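Structure, as structure tokens:
For clarity, chains are labelled A, B, C, D and E in written order, and residue numbers in each chain start from 1.
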């Protein structure tokens, strides 16, 4: 079918945002991601001055359940002819949807999930991992903090696969950069009371306590660390944290801690400009995931236009060919394994008195160049990289 | 059959103590095969407790229980039942939402050995209907076979309970106050019934209705304060001054 | 003359066979059949034995993992994988059951809930389950080495056949000598004991059967979705199955099936439209069912039907 | 000796303290469950949600209430919340009892369980809808900030307060129920409410108030918990399952039993965290299984 | 409630039941019952199993399902009152199933019912009347034997000062000696001015005690037999009750 000078499978480019609308991750993705995708579509239309192929947006709640995600994805691909699924917060849902997309020859763009499996063992040739992974976070925080003098570490690790891999990645980095790992303690997941683990960490005398956990586990450990007066003698490093976590913790509790993100709204004029526009619609500043959804949707649409079709392989080739160049990432490229290689930021949470305006939360301590932030291609377990 | 002793059930120094209180103390009970044996005594004498000991709903503190020459002191309730000792309860015990026929069939069913067969059809139980109807016949309930049990009047439930008990063809039936709470007609019916079913089996019963006891029993054991106070046929026991004082009372009001 | 139940069977089979050709989405249907079997298995326990298990997620979850792992890592064929999962759930049912039947009533519910939660933590920490990420990419494989299950319709009829087999087994169990004893235990336990039944053994067998059938549902679901995840092992799943059974009609043959379809359908429809209201709505349905609609859809319908006659 | 195992006595004491704190929460919650169970014969699945509600109301009082009322400076401080919030939560409980639970007493107890489960879903869902899933933080009241250095260990003041406050409430409750006439009405009402009413006691009112009280205990625990844990919609849901296990271990036979078991299990859990942290999530459940094998009625329960 | 004393005039109406209907759920049990009891009288309700005697007592206390008609206690209409208020008009109820509280000790059971009027018996008096109870005072209610429970059930309402006693099958399951004691007790109570309604199966026990017998069948009073007509109506009673 020809539409707007394009070969489209069913006359329309359909984008599906599959996200967590009600669970733990609803704040950092959820409705905010849908808003971002909508903005991207509108902006694309505006850029093209209306002379575009029809674009439709659908969205769904996967409730962080793999089977729900997979069910929804199949339905979207087979019945609704969705061409691309974005967001995919939580690894379990991302991993569930990717092979289905590959089978159906459609595209997935993961912005929300963290596992390195996505571009490692489980990589597919129709997938892009756009925003962040545990390697980048571990590496960013680990390396940078050691450089800043935090050379002895103790880990507080959530006792499941994700926590373990975060701990391992980070301690490798710490050791590689000349730091010492004094120990680690595993806490049950999900946990509520971390005081005993924190006491252990405290008595270890390590300069940095690495929080290899996520979500409420992380925020709970930070709160309780504040209560036990662990800081400022020791610093905390959150290995997977988002702007929204800091927002809910408050600066008083979170101050001084280190973390790495792939995007910060207040980084430069360009990011600020976009984020203000986003804020007007969503009433909250964007997280890196939400910013990533915008950027990736835009990139996808451009690639569809450039490829002149919505066929996945062709679009994917275009996406990989063209560098991403916008407020989110500069000169970033998508590698063969699907990883978008872009800069990361080592951030430190401001003290309450340093915060000048709402959502003014971070000092950007360091820009971690893309080459350092992303796992080296040589170590990749993705078969696509070996070619 | 091996040589059977005269007594089907014997207890030897049977004792049950609850925290510092001895409810049954050193009771030696001998129940003669084929007889109707009544256990009477003032309230709190330990009759129900004795029953509970015999059917293993309670474990004795000391003493032994012998049934048909076998020591059953440490067996479990269901095992006791399978040996042929079946009790009825002080309060009538039926399966209220099953039909009368099904109630009796539950009693018969275990014999088939298919009770764990979840893959067999229920229809396989219909072979038991004939026998079940016979049993119902014997307690005058045949016309109620299809009735759901809750709807039966109290006295009929009692009869049904007895029929179900009979389904197991027990050698020894333990009846705990079988006429309690019954109107006069029902009492009469149950007395007849007990007499009828006592053929070929032994019955041990607890009963406060002296009329019934006098009417039915061959031997009476009187318990008081956990111990045996007197034993013998009604004519003897009812004249025993100890029994008169502790249990029967002056009889003129 | 056919009885009402027989009519029901025929309607069920016709509906099941035709549904995918009438535009109903097959994957959705397969999920429904799996959960319907799960609910029926649960109903066997609650509706016919009077035991409320609040830990049935343990069985559907565990069987999913075992089936998924044995198919993926050991290369078992799908039917063997499903059998392995089912068997594991049965064994687990035996272990949990032996503990739980030591208490009755509400305690029973709490114990099963707690044991299931314990297992949840175990899965979370085990390596092979992939923790939070789930056990992904289970191949669908070829049934008996010939029928390719990657084909959605093949898979659909396979799943439907499993459901029917499970369903018939449950139906038979209810109407068997064993079922008769279960009923008597529910009605009057001490009396059943005094008639010589080892009631604990009967309860245990019922529990094991229910667990194994729940496992069958879970293992099948893993093959359908090609993944086994923590969601199934979470206590929310235990709550959901209670809801399905209750909504459809406790202690009715078809109730759980209807309940499963309604709940899964609602979740599917509502999730995108109302977001986190889904949980509120599910909760509200629970409340309404308990307060005003205890017979459930099928139960109410049957009462209506018999009143009219 | 502990040094040999790589554990300093200091760490050990700290762990025990932490265990005691968890234990106080277990005790408060299982006590509330036991009180409600005793009178209504219902396992209150909503307990976790009501605990969450307590924490949330405290947070709302502290941070949201003023702006709502149009005077941003006004806020309900911690101490006021400790009194007001349990009353509010209790009042909500009373509404639930009057409008819903009331209709279930004649039915099998499992319906009560199911109803409260449904209500828990609703409350949790509403808060998730309203405040999202990520937590809110609640500051420790000024006077209780910081810690006392006991020499052998470091005792955060707030935690010490939690232990004192919850134990006081627990034992006061125990005293009322086991040692007063009111208590014997309660216990008798548990068994045969109709008859107690026939003796001239207003049982429906008693039931309502009992439920309100048990629920208020959960609300109280919630307020105590708010400064320690992140206040979030799901904070009660997982905790409640552990509390169920505690209840099974203790047996609901006695009020004292549920208090003691709660504390003891908190300690055991604390110790597990020292010696084998990986198992600390399941240790309570493992103990439950063992207790079931050895003493099915629970440690303090009465057989049937 | 003024305590009725022993020389209060007979003929003062204590209870008047008119057109009483009662239901358990859907099933209609009482079909318009009428009877009157004067202060200081002992009356019995007789009938076959399931006739509705227990239901009559329960309906008076509002323990059945729906009910309608009129129940005047001491001149006050109680049909719409909640159960606990009815009890405070001075009514003591000893239920058929005894209703001993398993988790309370015998003594706690005894002390449980609240005082509804002055002039109840003292604990000592009660223990003299039932020595068994004194002996078992500390054991939990559920551990008492059937008969002990029965005694306790009666004893505990004597303490409350209630002057209208509803006794359901109190001779049930008791040893003959105790039944005789109970007979004496009822007489004593009557002398003290108590008003008693007894439901009895044991006609021999009830006959000499009562001023009047009401026979209930299918939820209606079908026969009223005053004490002095008892001999004459024996045949009729026989027919009705199978005595």
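In this section, a contact is a pair of C-beta atoms (placed from the backbone, for glycine too) under 8 Å apart; a residue touches a chain by one contact, two chains touch by 3 or more.
Because the structure is a prediction, the values reported are computed rather than measured.
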| item | value |
| --- | --- |
| Topological distance between subunit C and subunit E, in contact steps | 2 |
| Each chain counted as touching subunit B and subunit E at once | none |
| Partner chains shared by subunit B and subunit C (touch criterion as defined above) | none |
| Distance-maximising chain from subunit B - centres being C-alpha averages | A |
| Between D-E and A-D, the pair with more C-beta contacts | A-D |
| Between subunit E and subunit D, distance of the C-alpha-averaged centres to the nearest whole Å | 45 |
| Centre-to-centre distance between subunit D and subunit C (centres being mean Cα positions), rounded to whole Å | 32 |
| Distance between the centres, which are taken as Cα means, of subunit C and subunit A, whole angstrom | 36 |
| Distance from the mean Cα position of subunit D to that of subunit B, given in whole angstrom | 49 |
| Where subunit C touches two or more other chains at once, by residue number | 121, 125, 275-276, 278-279 |
| Multi-partner residues of subunit A (each touching 2 or more other chains) | 22, 26, 159, 188-189 |
| Touching two or more other chains - residues of subunit B | none |
| Chain pairs that touch, as defined at the top of this document | A-C, A-D, B-C, B-E, C-D, D-E |
| Touch list for subunit A against partner subunit C, complex | 21-22, 26, 31, 59-61, 63-68, 70-71, 74-75, 78-79, 90-92, 95-96, 99, 115, 117, 122, 159-162, 188-189 |
| Partner subunit A, residues of subunit D touching it in the complex | 8, 10-11, 14-15, 18-19, 21-22, 128-129, 132-137, 139-140, 146-147, 154, 156, 158-159, 227-230, 232, 234-235, 238-239, 270, 273-274, 277-278, 280-281 |
| Residue ranges of subunit C in contact with subunit A within the complex | 25, 27-28, 31, 121, 124-125, 127, 130-134, 136-137, 221, 225-227, 229-232, 268, 271-272, 275-276, 278-279 |
| Subunit E-touching residues of subunit B, taken from the complex the two chains share | 18, 21, 41-49, 90, 153-155, 177, 180-186, 188, 208, 210, 245-251, 253 |
| Sites on subunit E touched by subunit B in the complex | 48-50, 132, 136, 139, 143-148, 150-151, 169, 172-180, 183, 201, 203, 208, 241-243 |
